[in-house]
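Some structures to go through are shown next.
Each of the two complexes below includes subunit A, the first together with subunit B, the second together with subunit C.
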Partner chain A sequence: MANSKKSFHISDFSKYMCLVSIVLVFGVFSVIIPNFMTPYSLQNMMTEAAPLLLMAGGMSFIIYTGGIDLGAGAMVSCTCVLSGVYVAQFGNAIIPIMLAAGILMGLTNGLLVTKLKLPSFIVTLCTMNFWSYIALNLCPNGSEIIPMDKRFMVQWATQKVFGIPIMFFIALAGVAVLYIFQQYTVYGKAIYGVGANVSATRLAGVNTDMAQISAFVISGACSALAGALYAYKLKSAVPTVGDALTLTAIASVALGGTSMAGGRGSVLRTALGVVTITGVTSGLNMMGVDPLWKDIVIGVILIIAVCLNTDTRGRDLIVK
Partner chain B sequence: MKNKWEDSLSALSVGQQFAQKVKDDARKDKIRRYAPLILLIVMTIIGAISQKNFFSWGNIVNIMYQMSIPLVISTGLMYVLLLGSIDLSIEGVMGFAGSFVAFLVINNSNDNDFGLLGILLVVLISTAVGALTGFLHVRARIATFIVSYAMGCIMTGAAVLVYRGTPIQVKDELFNVLSQGMLLGIPYLTLIAFAIFIIGALILNYTAFGRAVYAIGDNETAAASTGINIGLTKIKVFALCGCTAGLAGILQCIRLKLGQASLGTNQMFPVVTAIVIGGGSLSGGKGGALSAFVGVLIYTELVNWLTLMGVDPYVRKVIQGVIIIIAVTLTISRSRKTISK
Partner chain C sequence: MGELLFEAKGVGKTYGSNTVLHDIDMQIYSGEVIGLIGENGAGKSTLMKLISGVEKSSMGEMFFMGKPYSASSILDANHQGIGMVFQEQSLVGSLTIAQNIYLGREKKYSTCGFVNWNKMNQDAKKALERIDMDIDPSKKVRDIDFAARQMVEIAKVLDVVTEAANGHAIILLDEPTTVLSDEEIKKLFVQVRNMKEQGNAVIFISHRLDEVLDITDRIYVFKDGEETAVMQTEGADVNLLYEKMIGRSTTGEFYVEHKQTVPSDEVILEVNDLSLFGAFNHVSFELKRGEVLGLCGVEGSGKEDVCAVLVGDAAPTAGTIKIKGKECTFANPYQARKKGILSVPKERRDEGMIGILSIEDNIIVSHMDTLSNHSFLSAKKTRRIAQEWVEKAGVKCVSINDRINQLSGGNAQKVIFARALESGCEVLILNHPTRGVDVGSKEEIYDLVRDMTAAGNSIILLGDTLDECIGLSSRIIVLRDGLVTGMFDCPVGEKPLQLDIVQKMM
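For the complex of A and B:
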């Protein structure tokens, strides 16, 4: 209501926000830090970004529906622990197993949200307890290292092809699949519809419950894959690895210009958001800023990005 | 279920259908009003059976002591839930308040000695953080769960930054007195907590501001048309919630004589559960001081009992999750035209 007289709406800016911020971040840091853009540092950033790309890509779909998954980080922790503990037993078959587990977790969230008609933030806050329970129960003494003689199984993920880590290729493939799903399938379109206007979408003959559930399932699968990648990357089962990731993933989605109210956005924009956030965190790291500042910086970025994204023109709806 | 309801009424006129619906709602309301009390009685009976001296003065004081910090949190949170909003920043604010107050009073890591002034300063900062959350929500029209979530992460970060690794131990005499002192066998901490809650309850029940909170939660559009300043009321509510979260953090610091970010961990969610059990609703307009109190009491007795049964704390969290899903399912209103995604 405050800026109704302005002809330029802040929300117009959000379209270009991801590009502006990515240029800004990488420009500023490569001026300040001489070796910011060296191949070694870029490789590091790619390994950093790979699991986050998957996680934030999946989270985007939930945010398209207007929901949120506050338990995604705990899901990553849970699958990281599961794959770290059981990779010795199952070998690389653990990845499809984790995908199945992620689908199951997403399904739980989706069913609770749609069938009981609860707000997603409360459901995911509850189910978060389940995931972290599994993670902490399997790893009661902090993290557990994958035994040395089984290391050869997980070694491939951190190898590099043409100088690019294989993990990053996996993440890119994941983003590509998500993009195709979002752009060229009926369910992809239905997910946007749910976020934009549920009743209109339902009247158009779309099974909105199904669309919402599939958004949660996709996000679950992506988070699970991200968790497995973390286990491969860290070569251990870490029950707290996902704690800070929920915030980072949500901030990446918001930074990409995706509206928290749902209905618009794109996985590619989220990917750019992830690149920006990774740039910020590694830049601050290389400048020698205390890593304790990371959460504060990302939190501030999230608030600013969400402020810019919010469509202040839709005034008839009450926001709680 | 809805279809069945419609089928059975298809023969009735619109007026009769409406009357039926009103009657149904009234019945549901009645169940909702008495369910918490019945639950409280059941929990008390279970407690009395499983604990020999459940009704002894010592155990009553013990339960009062255990519920004191959740009670302080619920003071602010009940206002926020009455609006139909949520404040996920409570844990972060608590952690920050506890760490920063430990930093300001006499401690083992620096030479600060602000005493009461330090406590006041921390309460003011917490209130300002709450007000900022409310301001961002009202002005930028961001859903509260997202803005308060981000704010909570920022405050947790700030809390860790205050002590950088090693939690600060408090050496202040004032804190010693407050944590160990007793009046008539009741710890000061409990008395302070109950006083804060009673003040909050009085403001909610006997001021225009409190009435406005109910009105906004019940029907925001109608409240706006009666001339209530919706934005300002919401900002005040969030400021109040920040204030009580800060107080809860300080009390937590007094209790443990330690300032660290994890003072707030897992403190908010049980209180949401408790308020909803007590008859509050996440969609707003329902509940109040008494129901928050009953909810916190039920919850404390439940935790007391689970601990007594030797249930693992992580399992307790899972049980909490299940309880809140059930409670929210029963109480949430699905007919409102609101965005509470």
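For the complex of A and C:
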């Protein structure tokens, strides 16, 4: 009985971990940095968080299946570059175009994973290089700025309505769509089933391949949208923008209490994880900490979060 | 008869509230071969596990060489002189024969962490020669055939136990002959007799009664976890053994026979000349609306494989499956369900329950695509459906949001039955539907089966026991070694005798 009491305590903690950590992070930083909670700083954080919300939200679905997408960051880089370079030509139609590109990239991953029966981390580790190639090939000399005379096309995204950046509204709408998908569609249920017990779900007559593919497609679409938002936010095509984002996105998902073993979690929790991570990175920036430390801090957060989420009996199998 | 080596007094094993082995008394004398027979699930393997140290007994005492005996692990049992050759082979395929024989005992060949492989191979050679086996011990196990692997396993166990207790070791053989040819079985028996002459004792489990009569000195018969008879092999015959194995007669009431329906003439499923290479051949049958068709056979008879093909988990190598006269093929269980075939799988925890999802999700999972409106599910509707099933099937739970893995075996099985019924599939394959379920839940599940047929579903049943299969089915097909060996009609009041069916099975 003592044992069950203990495990209850731990699962209880991981349930509220994201809320506790938000309060903790924002509390500590607002004490250390006097202008941490000012409207200007909060607006900045919202623009910072918007693309990450989409990317981590999409990534959640792959993690529900028990898989992982190591190439999500490279997808963001790729679509950021594509949007930055071609926005001058296509205008704002670039957003639906990127969405289509993301779906295609996700579909590639999904088909490789399901049809060749390969582990997702191998597949995405390999396809990642394609996305990086496209990004680096289009921008061989580093970042390319969107020409001044075309800026008006991308200006709207960072403008503010009621003091909140439009980008942030887009991200919130994205999270809402993902939530509906996860909660109220057949695919959402099937995705959780795959993560919880793939052989039982398969024998129950669920099209598990389709479920896995849809998870990759959603993640691809979300990463692509995030990439476009980065181009709009930075007003340039940056081929390395996504490099560190895979880690950040996975950390956000884990911090939200989503199990890396699959079958559990919610995009709403992931959103809270994103808020925490954004708070940490912005806080460190404002403190003037060397940006190189940022990834180390996020890495430590990820390890702690996964540690608290993992079944203490060690039955969770991470990355299938 | 030699000295008393081993004695069990009132030994039993329970899993939770489920008693699988009860009050077993057994004596093993030196220089004796003991036969252990019984149906699947009679408790033979459980007893072997207790003796060989795989599991701990829940009651009773065991004595080895006059001293109280308990083994915490297989290795511990080995060191005391008791070794087991497992039914599922326990060799490591990517290691050599010699490495397998000395697995976990490499220490005596190693100096400063370096292993003297030559010496190990020489010793392995000797160990193999002890059972007249001439094979290069540096070969990898995965490169030799099954029969040779079985012999290597025996050599390994023999080597371990003779090292520990020369001349008074006990060797447990769990169905060693299933993968062997007649010639190889003869060789094995020569070895068994050799071991016996050296003063060791052998426990021999087999489904093949003629072998048991051939090799053993005494026979223990198990049924439903209890010891029903002990007899000298001299004077026993196949019919006597059958009788003791089967024991009590069926009671119609337990299987809700008054609700057994007479199947209509409409053929729902027609299987023609179906074969799966290496598993079964030329299986043909018809399944009518409202019928319960029992598939009987011992393990390895091919009945499981027939199921796997029908639910789309394996592709047949020949033959056709027709549903309502239309020929169908399925590449996966999803397509099979779309055509109207769904199973209640055998391994409930691994293949049935989607453990960490709610009862509600587990119930609707097979039906949600047809339930949805353009892929969107109404939470109100799914909740109502789940609630209805929980009440109808009598699932004991706090709410439908409970995780299914918080339920007891019987309740979880009812949820999976609800899923199968909710799916709308007309052909349901029940694979060991009452495995590990307590008696009360069993009756409720039998009642559900009757409701299924009354509602016009057709069922293919792989019973947990033969008794259950006869009680529930309206027709029975018997398989042996992948071939149909018999067909029995089982209308209410004229159920066939177990003896007749068992004779076709073995």
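One rule holds for everything that comes next: the second predicted complex is superposed on the first by the 300 of 320 C-alpha atoms of A that agree within 3 Å, B and C clash if a C-alpha of one lies under 4 Å from a C-alpha of the other, contacts with A are read in each partner's own complex, and residues count from 1 in each chain.
Rule of thumb we're sticking to: a residue touches a chain if its C-beta (ideal position, glycine included) is under 8 Å from a C-beta of that chain, and two chains touch if they have at least 3 such contacts.
Owing to the predicted nature of the structure, the values given are computational and were not obtained by experimental measurement.
When both complexes are overlaid on chain A, the residue A:Leu118 reaches subunit B alone and has no touch with subunit C. By the touch criterion stated above, A:Thr127 is placed in contact with subunit B alone, subunit C being left untouched.
In the superposition on chain A, A:Thr38 contacts neither subunit B nor subunit C. If you count the residues of subunit A touched by subunit B and by subunit C, you find the higher number for B. In the superposed pair of complexes, A:Tyr192 makes contact with subunit C only, with no contact to subunit B. Residue contacts after overlaying the shared chain place A:Ile296 against subunit B, while subunit C stays out of touching range.
Of the two partner chains, neither subunit B nor subunit C is touched by A:Gln155. Shared interface residues of subunit A (contacting subunit B in one complex, subunit C in the other): none.
Across the complex, subunit A is touched by residues 83-86, 88, 136-137, 139-147, 149-151, 153-154, 156-158, 160-161, 164, 220-221, 269, 282, 284, 314-315, 317-318, 320-322, 324-325, 328-329, 332, 334, 337-341 of subunit B.
Interface of subunit A with subunit B (complex): residues 2, 65-68, 70, 112, 116-123, 125-130, 132-133, 136-137, 247, 250-251, 260-262, 290, 292-296, 298-300, 302-303, 306-307, 310, 312, 317-320. Against subunit A, the residues of subunit C that register as touching in their complex are 311, 313, 332-334, 336-338, 342-343, 345, 350-357, 361, 364-366, 368-369, 372, 375-379, 419, 423, 425.
Those residues of subunit A that touch subunit C in the complex are listed here as 183-187, 189-190, 192-193, 196-197, 199-209, 263-264.
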